[in-house]
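For clarity, chains are labelled A, B and C in written order, and residue numbers in each chain start from 1.
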């Protein structure tokens, strides 16, 4: 009963927060009405120039000129809904956004020239989703693994070195690494393209199936490692084989398979993904290390060791289980935040995802796109936060005990 | 063996400074602070205020690497040579003769000065500047370059229409610029190509046909003009036609102007700049600005911005977190819900939006960042620490002798939280420095004050190819940001180590 | 043959302040079915001794050696993996201090009790659970408890679970690390009775770590008294508790408050020494009521005590006035007499003071000679070594204890 009530309360609260956040964005995205003024000014000057070039218009008497000018100016303003007071409009915008009725862009369009905001956003969304999910998951997996290793060798030279490396790398944002990586890998060594989604002009489209070799290879590498490292020795050879297969597939994909649209796209994603991963893994390894060391100090871990458990079992069955709730929380929140697409990272790499879209929309004062993007972001975050709440409520007794 | 964290800010600081990372951080920060204090003395703020004023930097070579980079090329690179106007020491020799023939006044002015050129590479650019004073009719201005091998090459001929009121002062408003390297088609200095062509043909270095093939100009306009400074200063043989094979002719060059005027008031003055290929400690950017100035000023700006922002947000967050944890109830609920609200609204996009709409100054950016940071991670951390400390016996004791809740909060609880706060401040400084850099990178920073982020943004905005060729433009500002943030990260880490005794050697 | 024979066990930790001598050359032997109580103040190295026997070492170990013979085999020679597989829990198990923390909050109690069976004997899950139920029943818990989480149990129940966990592999030796210190008195008694029963039925050997002398006397056949990382006295319980040989044991016994006794409990002045720099000679000499010249006062301790004496009001007029003191070597120091005091005067006064008050201020007994120099007085102290451990069945480390003497 308590759980349901708690969740309902949270849900109501999150909905209210969501509405407030959307309204705040509507107000800010329109600069509190300032954007309207900018647009009006733009229309005014455009119209003035248009008329100035019209000789017929020039011959009219000044009063008639002013009258005609005002008529066409007002009709444009009205057609674009710029004459309504902003205060009223803000509620209309918010209401529409909440219904996910995102409207039409004023300037931007998708690659097939649709100006519907949802079309524009959903064209870009998968790109950011893939890039930042892959980068963050890779960074998280590597970071957690490194953190566990550091905790196992706590206070050794390896641990100290890696801790300093982690702490110093994660304060630097991905776009700075982006710049340096572009400098090094795109210009000095010329291994990766400097940016963009694909080569220009893009390679001919290929069947979707060709997008998967690297993912399959990554899966094989992960599974192979798990089998190799975690299972008993007789399976080691099997694990080694799977690892080898993964590596071989990766090599074949990279070196043998002919370049195609997806390979080209994935090739373009490597550098931005590496920049994101490099700036993120440190916080994973550092927090994992500290969490694990903290849990390792608990009496029940000491007891497990005294019971004669292998060090590896102590780590996985006792330490990781206790340390995982905070890790899962931050993974979920980071992912939700990462999907919003790092604006500057995508700008640096000219990667046409949500982040670059946001930047373009803001630069062009395309308020409907800005509001639409923010709505999608906020929705992603709200859903993530709520899912975390649900998870914790279901696991409640044990989680509470763990948090003691 | 339980080892407790040191209590109190001073104790924590002293212990943190003793760890290796703390030591490194203190050294790095000490260097930065020293720099921040010295920079305003070395490079006055007035110089920085001129950052966006292109006239201020016109005597610097454009986009050249630092002077010490000649170690890599192994060649002696030329430094910029400036020949000041007549009347200044080392300036042009000025000879003026005025005479009358058949009731008509004539004036002849000759301006001449030489410079010694001993570098292994050609200058990046040559520019000549003139002021002229004349009566009703513009004078005829001609100029020549005399080379160490005795050859004299005419550069251009002009009848200037800009009339100076006073040539001895050489006021910027009166100056006509003749660029020999980047002349525009309608400039008189565009004649340099024709003159050089003529000179080379008459010396049998090239033929008209070859020249036309190398530098096509069917309408007199060169789509790919030769580098005048190379042709003018190379050894006179066929190899000079290709800048890659041309050999520098070392020795004494002299520049001469002759002004034939048609009144008795005519006079002229000149100035010449032979731009080097290296400049200063870290080179220049595409607007000829000395990057060193921006790099140096970046330090105090970044430090001040980062520290002010981090101090303000972390302190506000700490106090809010402490209040929320200590008083609980409705206050707690309010703070927690505000934190959730801030989690959901997208901060950086909104900041960028504000940046585009209002072009805020650095102070305003700081203020907005603080407004968006009144609650956050620190509030949660502080709250949980306070909830822990709240249960401790000394709080109970204080309560039992009747201390007020506010008093306990400020006298007992906040001091316990302060060391953590300090660690968080150190770890938040990088975030602020990078936020400012992010905005500047997008061109939304304070336009009147160069920051490291702005340098990076300028470099990036100049085109991606800039990255590789003009590494100094990217490398030094990036290094500055990373150095500073790493220093703070190390300091925060040192604190963290001291405050979480499990994480260090006991 | 003893089940467990510990000889010269040493465990030092490395810290920033210097090495901590947590366990310094400890020896004792335990016959099957026998219980030894290790008693001492907190920080005296009891728990470290237990950890050293089970080789549960923190990362900052500096020195770990000695011999631990278990069932006739020196287990110190085993590799970590062999030790984990053959000795830990199978041979020697442990009941932890603070049961609430020793149980994993996120795992059901039954699994935690059964886990060692699966780890050590490859027993499958169901069978292990059955055996765990047996053991849980044996310690007096209902069967349904196995499916609960630790936070659903009371303190006493959790303690029983931890005991059940320690018995699951039928070990020969169980280390009880303050098994009852967090429980109320009634529960304590229940647990102690349970432990007594188990000892009798299973012929278990206990190493019972406690600071509660009352409980120790309930369960123990042997008593070991620990002070500053050393086992200063070990012997049969009925002997040690009745006629202690070491002055510290005496003081410890006297400090136990007794119900309905008019006598106020005695206390031991001072605090246990810093284990990073244990005192020379006998480690207890600073607080010992009967210390004398052989007990090992160093020049620095002498100066500190003298300072203390000077600043204490009661002896102010009697202490000869001193301007400054400095240690010259561990066993000699220079004293500069205070204003308007000549050196010879000072020597006389000091000698008189020592003669008068050395019974009360025992550090003065360490003075071997006082010599007047030109401007200062040199005080030479007796040189000593730590007291040897004397005796076989009943051993003590004190200069006052001699072979054969009581």
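Definition applied: a residue touches a chain if its C-beta (ideal position, glycine included) is under 8 Å from a C-beta of that chain, and two chains touch if they have at least 3 such contacts.
Just so you know, these numbers come straight off a predicted model, no measurement behind them.
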**Asked** Does A-C or A-B have the larger number of C-beta pairs in contact?
**Response** A-B
**Prompt:** What is the identifier of the chain with the smallest separation between its Cα mean and the overall Cα mean?
**Reply:** A
**Request:** Would you kindly tell me how far, in whole Å, the mean C-alpha position of chain C lies from that of chain B?
**Result:** 68
**Request:** With chain centres taken as the means of their Cα atoms, state the distance from chain A to chain C in Å.
**Result:** 58
**Asked** Hey, how far is the Cα centre of chain A from the one of chain B, in Å?
**Response** 32
**Item:** Multi-partner residues of chain A (at least 2 other chains)
**Value:** 155
**Request:** Would you give the residues of chain C that are in contact with at least 2 other chains, written as numbers and ranges?
**Result:** 60
**Prompt:** Where does chain B touch two or more other chains at once, residue-wise?
**Reply:** 505
**In the complex with chain B, residue positions of chain A that touch it** = 13-14, 17-18, 20-21, 24-25, 28-29, 31, 34-35, 155, 163-164, 167-168, 170-173, 175-176, 179-180, 182-183, 186-188, 194-195, 289-290, 293-294, 297, 333, 340, 343-344, 347-348, 358-359, 362-363, 365, 370, 373-374, 377-378, 381-382, 385
**Complete:** So, in the complex, the side of chain B touching chain A is made of residues 21, 337, 340-341, 343-346, 348-350, 352-354, 356-358, 427, 430-431, 434, 437-438, 441-442, 456, 460, 464-465, 467-468, 471, 474-475, 478, 481-482, 485-486, 488-490, 492-493, 500, 502-505
**Request:** Could you please specify the touching residues of chain C with respect to chain A in the complex?
**Result:** 54, 56, 59-60, 84-85, 88-90, 93-94, 96-98, 101-107, 115-116, 119-120, 149-151, 162, 165
**Item:** chain C partner contacts - residues on chain A that touch it in the complex
**Value:** 154-155, 298-300, 302-310, 313, 318, 321-322, 397-398, 400-402, 404
